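Listed after this line are the structures, all set down as structure tokens.
In the two complexes below, chain A is the common chain; its partner is chain B in one and chain C in the other.
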Partner chain A sequence: MTRVGRIRLVVIIAAIGALEVACRTGLIDRRIVIAPSDMAASLAGILASGEINSDIVQTLGVIAAAVVLSVIFGFALGLLIHALPRVREVLDPLFATYYAVPIFIFYPVLIAIFGLSLVPILLIGVATAMVAMTIATLNGLDRVPRVLTKVARVHRMGRLATALRLQLPAAAPYLFTGVKLSVSYGFIAVIASEFILAPAGLGRDIADAYADFNNPRMYALMLFLLIVATFVNMVLHAWDLRWAERRGREPS
Partner chain B sequence: MNREVASNASHAQLGGVTRIYPLAAGHSPVHALGPVDLDLRMGEFFSVVGPSGCGKSTLLEILAGLQRPTAGTVMFEGRSVMGDVPDGIGVVFQEDASFPWLTVWDNAAFGLRRAGASAAEVRRRVDDAVAFLGLRDFARAYPPQLSGGMRQRVCIARTLVLQPRLILLDEPFGALDAQTRLLMGEEVLRLWRRTSATVLLITHALDEAAMLSDRVGAMSARPGRFIEIIETGWMRERDSTIVREPAFAEITGRLWANLRGESIKALAH
Partner chain C sequence: MSAARRAADTLAIAIVLLLMWQALHFVVGETALPRPVPTLAYLARLVTTARFAENAAATATAFAVALILAYGIGLAIGVWMGAHRLSGAVGEPILVALYSLPKITLYPVILLIFGLGISGKMAFGALHGVLPVALLTMAAIRNISPVYLKTARSLKLSRWQTIMTVLFPATLPEVVSGLRIGLTVTLLGVLLAEMFASKQGLGFLIMNAMSLLQTEEMIAVAVLLFAFAALANALLLWIEHRLHRRV
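Moving on to the complex of A and B:
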């Protein structure tokens, strides 16, 4: 582990320790925040009981589906728009302001159309995450060095081979940034949608525990999500670092 | 792989080649090049020098088949070249065209694999090219881990393994410092001597052109035309030490005498 990594770990452990001490000594009211050790103990109990297994599968499944669909359709849309400069001219301002619009205002509309099911949650997840992938794709394709097109012609490569063998790998770091953003947006959109209104899922569980003043359960579920999201991001970051080292660039 | 000295047989020809770039409505078209006539002899090392914007790179791209001329004919090995890169032509560009996602070895192997060469053939030719260009210790490295000069060698290796009969070099050392350029020039000379290729080098550097070439074509300011083509008379076995020869100073002086006025014109544009 690097020196910076060790310092980062010490800071996290110190913050958790400080919260533990503050909760144990009554500096923080335990009716508001419970001690991290209690969160962990509560989470261990919940996981051991298996009572949230179906919620875990559902929530993580919807997130995974939203991310996969966002990456596929976002990438395809990016390719299409990049090939149509006039369409891009029209859409660019919309992309620039897309995340200034709270997408969640459409959630009730989707529930009205599709009913209280997984479909509106999935659609909100895709709507939130897909544009990040589209923007990243456009960004990546814009930065493919023009000389690669000449190299492709010297090697007598067709359009498809040029796209797959040269343009795609050249744009890969930017596409990976899109994937990372899609994962983050997917998590946020799905959990938040479940929290607002959903038949089941971890977000719904947290909302129920919150409404019941069941702090141990609420914080345990929050801790679980925190651990999962951190793990996923760490894996993505590790991949990004490996690529960045090879390609002599800063990680995205 | 050693070959005979340059013969008088023609390898590639430009006949009355002109390139005019049409511009958007309200702007006059840009006459970038020509008319240009050039007869590249089989196996010679020919350099083109000229002021910025005189159409040197356009000339190279037309010869490579990367651009169509507005008028004129382009022939390579007796066949017309019109907008497609013919088999047997390799191009090294000024920009870094190495693939950062592939190792040095895989970069060099790229074209051969595309051409469907057998694994054994790929290994033999790539190992040979990588060793020849002094990249053996870096075969598993990625281009961003290398210097600019080494990345250009990677691009040269990628071209070399395809055994092109005509190698076009578009200011390949333009981004390198003067000392590295001299050494890279020696490597290109070694490469040229070893292969049976005809080489056309586009460069800004008069000393580089004078040192490397059998003939140097000096071009006018835009629209580029050849003002003079100078025979250097160098022996085939030569290296950068010829910069001490009185003839070297004479050739560069003559090139500068041709280009000084044209460069002033180009600056004024």
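Moving on to the complex of A and C:
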């Protein structure tokens, strides 16, 4: 591990340790925050009992579905818009504004239309995550070096072969950025929806535990979600680094 | 592209969105989604009522304070981490990790600390806004071309002069990008807080309208917030482009 990495680890452990000490000594009221070790113990108990298994499956399932739909349709939309420059010109201001407006405020509207089910959650997840993929696809296609299209012409490659063997690999890093953003947005939108109003799910569980003043349960569930989100982000980051390294080593 | 053509494009988008709204109305029916024109007329009436003024003022106050906190703390962290390399190297991945977490999960903690009043909304909004402001400010300071600093040194500028005439103008465009994104996510944070547990504010108004099945009011407020965010973003983008062109 590098020196910076070691210092970072020490900083994180010190922060958790300080919270533990502050809670144990009563510096922080137990009714506000419980000690990290208590959170972990409570989480272990909840996971062992299996009582939240169905909620885990539901929440992670909806997030996965939203991300997969966003990536597929976002990519397809990006391809389509890239092929139509005039349409793109018109849509550019919309893309520049999309993530500046709180799309989430339309979640209640979706509930009014589709009822209180998983459909509005899935739709708000796709609405939040898909445009990031479309923007990333457009970026990626813009940055395919022109020399590659010439190479394709020299080798008399067909359109499909050019797309699959040259354009797609060249745009891949940007597409992966789109996937990463979609995952992140998908998580946020689905959890936020469950939090505000949902029939079930981990976000709903946390909101319920808060309403019941059940701090051990609330903090355990929060810890679980934060661990899952951090783990997913770290895996994506590691893939990104590995691919960047491989591309760096290839003779260009 | 000319300004007239850009205006025409924006108008085209607005018209297409309205047509899609109208089309969706025919599919799902009047109770689920009212027609655009009556909803906008309702909005025009709504903004003149005292009820609206009260809730808009609550949101505006929470948003303004949250924004000041987010900008102040975010800029301080960004400058510190940008100027001090080790802190930046240690802290950046932590900030990036926090940035991509669903912060809504932490809202109950904020509620337990600050209570149900307006201070919780401010804290939650600021929590959202701090991270992008800090990250982009840090990047801006790190990316300053070394030539600028060498020029400042060879001109024997004082520390203060270097900051005011070299560092500040050089980092401004990127810092403004951070402030723009900070504004957006701070607004989202305040609205989420109002939607979850609040008895005041525009986010509350939307949730309240939903539980009373007043779809017209719900959509009217959502459209208004949408328009506000889009305008604020467009204004800051315009400033940003001007700054980028100057550098």
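Note that in this section the second predicted complex is superposed on the first by the 247 of 252 C-alpha atoms of A that agree within 3 Å, B and C clash if a C-alpha of one lies under 4 Å from a C-alpha of the other, contacts with A are read in each partner's own complex, and residues count from 1 in each chain.
Convention: a residue touches a chain if its C-beta (ideal position, glycine included) is under 8 Å from a C-beta of that chain, and two chains touch if they have at least 3 such contacts.
If you're wondering where the values come from, they're calculated on a predicted model, not measured in any experiment.
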item: Touch count on chain A, higher of chain B and chain C; value: C
item: Which of chain B and chain C A:Pro145 touches, first, second, both or neither; value: first
item: Partner chain(s) touched by A:Arg156 [first = chain B, second = chain C, both, neither]; value: first
item: Which superposed partner A:Val57 touches (first chain B, second chain C, both, neither); value: neither
item: Contacts of A:Ala172 with chain B and chain C, given as first, second, both or neither; value: first
item: Touching partner for A:Leu226 - first (chain B), second (chain C), both, neither; value: second
item: First (chain B), second (chain C), both or neither touched by A:Ser184; value: second
item: Residue ranges of chain A touching chain B (in the complex, touch as defined); value: 145, 147-148, 150-151, 153-157, 161, 165-166, 169-170, 172, 246-249
item: Residues of chain C defined as touching chain A within the complex; value: 1, 6, 9-10, 12-13, 24, 28, 31-33, 86, 89-91, 93-94, 97, 100-109, 111-113, 180, 184, 187-188, 191-192, 195-196, 203, 206-207, 209-210, 213, 215, 218-219, 221-222, 225-226, 229-230, 232-234, 237
item: Residues of chain B touching chain A in the complex; value: 61, 64-66, 84-85, 87, 89-91, 93, 95-97, 99-102, 110-111, 114, 142-145
item: Contact footprint of chain C on chain A as seen in their complex; value: 4, 7-8, 11-12, 31-33, 89-91, 93-94, 96-97, 99-102, 104-106, 108-109, 111-113, 184, 187-188, 191-192, 195-197, 203, 206-207, 209-210, 215, 218, 222, 225-226, 229-230, 233-234
